[in-house]
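Presented sequentially are two complexes of chain A, the first with chain B as partner and the second with chain C.
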Partner chain A sequence: MANVRIDRLHKEFRSHGGVVHALKELTLDIADGEFISLVGPSGCGKSTALRIIAGLETPTSGRILFGPRDITKLEPRDRNIAMVFQSYALYPHMSVRQNLEYGLRKRGVAREERDRKVATIGAMLQIESMFERKPRQLSGGQRQRVALGRALIRDPEVFLLDEPLSNLDAKLRVHMRAELAALHQKVQTTMVYVTHDQLEAMTLSDRIVVMNHGVMQQVGRPDEIYSRPANRFVAEFIGTPSMNMIEGELRIESGKPIFTGPGMAIALPQASLHMPAAKQATLGVRPEDIALVAPDTPGAIAARVTVSELTGAERYHFVTVGGGSVIIRTPASTVLHPGENVALGLHPDRLHLFGGAGEDAAALR
Partner chain B sequence: MLRILRTYGLALLLLTFVAFPLYWMTLTSLKPQTEVFRTPPTFLPATWTLEHYISLFQLTDFGLLFMNSLKVCLLSTVMALAVGILGAYALARFRVRGKEAYGRLVLLAYMFPGALLVIPLLLLFRELGLTNSHLGLSLAYLTFSLPFVMWVMRDFFASVPIDLEEAALIDGATRLGALWDVVLPQAVPGIIATGIFAFLFAWNEYLYALILISDESLRTLPPGMMRFVSSTDTNWGLIMAASTLATLPMALAFGLVQRYLVTGMGAGGVKG
Partner chain C sequence: MAVRSGGPLAWLRDQHLGVILLLPSALTFLVLLVFPLSYGIYTSFLQRHVLDPEGVWVGLANYVWLFGNAEFWQSLAISTLWAGATVGLQIVLGTAVALILHQPFKGRSLVRGLVLFPYMMPVVSVILIWMLLYNALYGVLNYLLVQTGLIAAPIAWLSQPGSAFWSVVFVGVWKYFPFVVVIVLARLQVIPQDLYEAARIDGAGAIARFVDITLHQIKDVLLVVALLRTIYMFNNFEIAFLLTGGGPLRATMTLPILVYEQAFGLYEMGRGSAIAVVMFLILIGVMSVYFAFLRKESD
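And now, the complex of A and B:
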């Protein structure tokens, strides 16, 4: 067990004369026993970061410490880590048992001890009945369990997971997600989890690191990331359907900040507003933070419904506001028809304001 | 129907083309000397005989030639595989400057005609005291079997999922340990195939064997068999008997490993 300190980690790849910065100055402290997720689109550097922690890549600069121990220069085998791969990477020519105990063998663990551990892990993951089978004789979910078992059996200090669920079908994925959460509860080992699936990150993590273009965009608890995105990228990346982004202008009228966009003028809360006036700005509002209101409500925004989708428990309504499109999320009981005129009210406490270019963000709270 | 006929017709034609020399060689070795030259030729011997095989072992040093060949070919195949596998793995996996250029150089070395190399090699080997030595001849054979093994095994290694060895590295294996425990078992079909081809090259090789070995007791089969041809007389029965016996190990080897040459590899380890 160990806390992990990632200190100004930098990674460049050179190819065909060009330099690609896969990871830029990543600094992160991971607490002992914490479940932390790295999320972002493909190519954002999350896998590179994980592979550097694993020792499969060497950083261009920066350090990694497990507790007080600087492991930056150590071989993977000397780091006391375990990793679950997206492809599972089970050794095809070995039985499940041999797969599970390979790491123990390599570390010279005695036979009785190995048998005992294999039995324990087998019982924990319910794979005892398939010990003598080869990986190709297992289903996707079973392979996944064996891969988890092979990592768990070693009692690693740090557990690395590289998109472990993305090869499973949707139903199994939800199931294994819950199992993974339960597993973390049980073993209490530090886990670093890489995924492009924000839902996995939200449900499993103690904290989430959102990355883009090799740069850490925000780190925080799932609820912080969701309700207080640090910038436009995070706001749009997290949440399904994603946050509505309305381009407009920020003005100060008689000392009060007003956002004007297509078909709307919204009085913003006074608090913590550091943006210069008369500036290009983007207003972000989550689909569930838009309410349907009576047309005569002060400040109501006129909109027209174009499409309504029922997803089961909820409905997504696509409406046009002043030429732009906005998504609203409501309970399934709220029925709207295409062509219908509605009035929208925005929850003033749940608006997000971003700079025009989307770089810096002043999230209004 | 027509298509099936055409396919099988073509296959039959090809089979005849490839198999007839083998058939003729075997039959000639089983005909008495007088029948070998009969016109019109007999397609099945009128009289079956083992006389050529008997005289092969009684009158010539065929046994010695065969054992010499076997020794040289096994030695050079083992060396080619040992060095070639490591080299190919490095070419497939490591990020080294100039790796691509080196890979092409290997292919170029393979395409280089052996006849051009033999004299420089002879001079070099004489300096090193490697002429008239089975080790020397085996090393000379590496000039073509090693590039071949490296070139083919590189592709084999490249097709083994890299996740497997990374998993092994994390599980506690060294680079060589991961190669041995995890990568090589996936590459067994490739190793067998390249090993057989490397052996075959050496087994059939004539020029190097003729020039680098002059000691009669060290001779290998191809140049050795040429002594059955003299200026006055060619003993076809003897040559064919020797050729049949020389073909036998390769035919056997191919028969045994055919299965490996076609089976897929690595199925089931990663998501299929």
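And now, the complex of A and C:
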């Protein structure tokens, strides 16, 4: 068990005629026993970061410490980590038992000790009945358990998981997600989890690191990331359907900040005066923070319904406001018809304001 | 199918169509495989001379002669050793070269191309080159070995039974190992990289990774390569024949050369055919063992 300190980690790849910065100055403290997710689109540097922690890649600069121990230059085998791969990477010619005990064998653990640990892990993951089978005789979910078992069996200080659920079908993925959460509760080992699936990150993590273009965009608890995104990228990346982004202008009228966009003029809370005095601005509002109101409500925004989608418990309504498109999320009981005129009210405490360019943005609040 | 209802082809039912579509390959198979093979087996029961093309039915006499003939047993031993040695060494050398060519280095593509060179060259050119290299009087090999002090006097490589056999084996290995390289290299390139990464994390060193991952991953293609090479090398005629003609003192007299000697040297077509039939049966035996082994492996 150890806390992990990632200190100004930088990684460049040199390819034909250019340098790619896969990871830029990543600094992060991971507490002992924490479950932390690295999330972002393909090529954001999350896998590179994980592979550097594992020792499968060497960083261009920067350090990694497990507790007081600088492990930056150690071989993977000397780091006391375990890793679960997206493809599971089970040794195909070995039985489940041999797969589980391979790492112990390579470390010279005595036979009785190995048998004891295999039995414990087998019971924990309910894979005892398949010890003598080969990986190809197992289903995806069973392989997944064996891969987890192979990682768990060595009592690693740090547990690294590289998109471990993405090869499973949707139903099994939800099931394994819950098992993974329960497993972390039980073993209390530090876990670093890489995924492109924001739902996995949200449901499993103590904290989430959102990355883009090799740069950490925000780190925080799932609720912080969701309700207070640090910038437009995080705001748009986290949440399904995505946050509505409305381009417009920020003005001060008689001492009060007003956002005007296509078909709307919205009085903002005073706090937004601390915003950089950008004239161009983007207003972000999550689909569930838009309410249908009576047309005569002060400040109501006129909109027209184009499409409604039923997803089960909820409906997504696509409406046009002043030429732009906005998504609203309501309970399934709210039925709207295409062509219908509606009035919208925005929840004033749950608005996000970003600078016009979207890059230097800060959330409103 | 359109042919089922109406039209001039209405009489053509699916079964008939199937037969018609099979016919070209069935005929080819009959003409090119079944006929020559049966004819060869038939000939092995005849005493047939070039001056007596009709031949006389002698039953198993050719086989009786064969199994009582010391030269046949000697050639069988030589052929077995020849096939075993060339295939074994081809696999070891081919795998080693494939492993080297799998590593990234400057000029790798060029070297990968050059390695195929022996395999691409016509056999006769290869043999002429090696006869020059092996030449006792002015051969490059002797020159280099004497110059570097490894041997005191030139060796007549192809004129002494022991060195002749291994010199021929060496050429057989050199000529055909690129086949192994190509197949193994192709297999190496599709081994999932994360198996090696998982093994590194599990604590496996370079040797353990080779034994526990690489070797197991290429095992299947090595078995196929071994079968293909064994059939090929056991039947190979030209390398030994062109280099030594089966000599000296029958040291490189493989079964195909013995067939040639009987059939075209002594004009004993029947005896030659009998030897060829025995070779055929031996290879069938090897393949049966191989496939039995594969079946056992795969369950």
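What we mean here is this: the second predicted complex is superposed on the first by the 361 of 365 C-alpha atoms of A that agree within 3 Å, B and C clash if a C-alpha of one lies under 4 Å from a C-alpha of the other, contacts with A are read in each partner's own complex, and residues count from 1 in each chain.
Operating definition for what follows: a contact is a pair of C-beta atoms (placed from the backbone, for glycine too) under 8 Å apart; a residue touches a chain by one contact, two chains touch by 3 or more.
This is a predicted model, so every value here is computed, not measured.
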Clash or fit, chain B versus chain C on superposed chain A: clash
Partner chain in contact with A:G140 - chain B first, chain C second, else both or neither: first
Partner chain in contact with A:L152 - chain B first, chain C second, else both or neither: neither
First, second, both or neither for A:A54, with chain B first and chain C second: both
Touching partner for A:N167 - first (chain B), second (chain C), both, neither: first
Chain B versus chain C as contact partner of A:G103, first or second or both or neither: both
Which partner reaches more residues of chain A (counting touched residues only), chain B or chain C: B
Contacts of A:Y91 with chain B and chain C, given as first, second, both or neither: both
Partner chain in contact with A:E75 - chain B first, chain C second, else both or neither: both
Which superposed partner A:V210 touches (first chain B, second chain C, both, neither): neither
Residues of chain A at both interfaces, chain B in one complex, chain C in the other: 54-56, 75-77, 81-83, 85-87, 89-93, 102-103, 106-107, 150
List of chain C residues in touch with chain A within their complex: 192, 194-195, 197-204, 208, 212-213, 216-217, 219
Touching residues on chain A, where the partner in the complex is chain C: 54-56, 75-77, 81-83, 85-87, 89-93, 102-103, 106-107, 150
Footprint of chain A on chain B - complex, ascending: 161, 163-164, 166-174, 177, 181-182, 185-186, 266-272
Residues of chain A that touch chain B when the two form their complex: 54-56, 75-77, 79, 81-83, 85-93, 102-103, 106-107, 134-138, 140, 143, 150, 154, 167
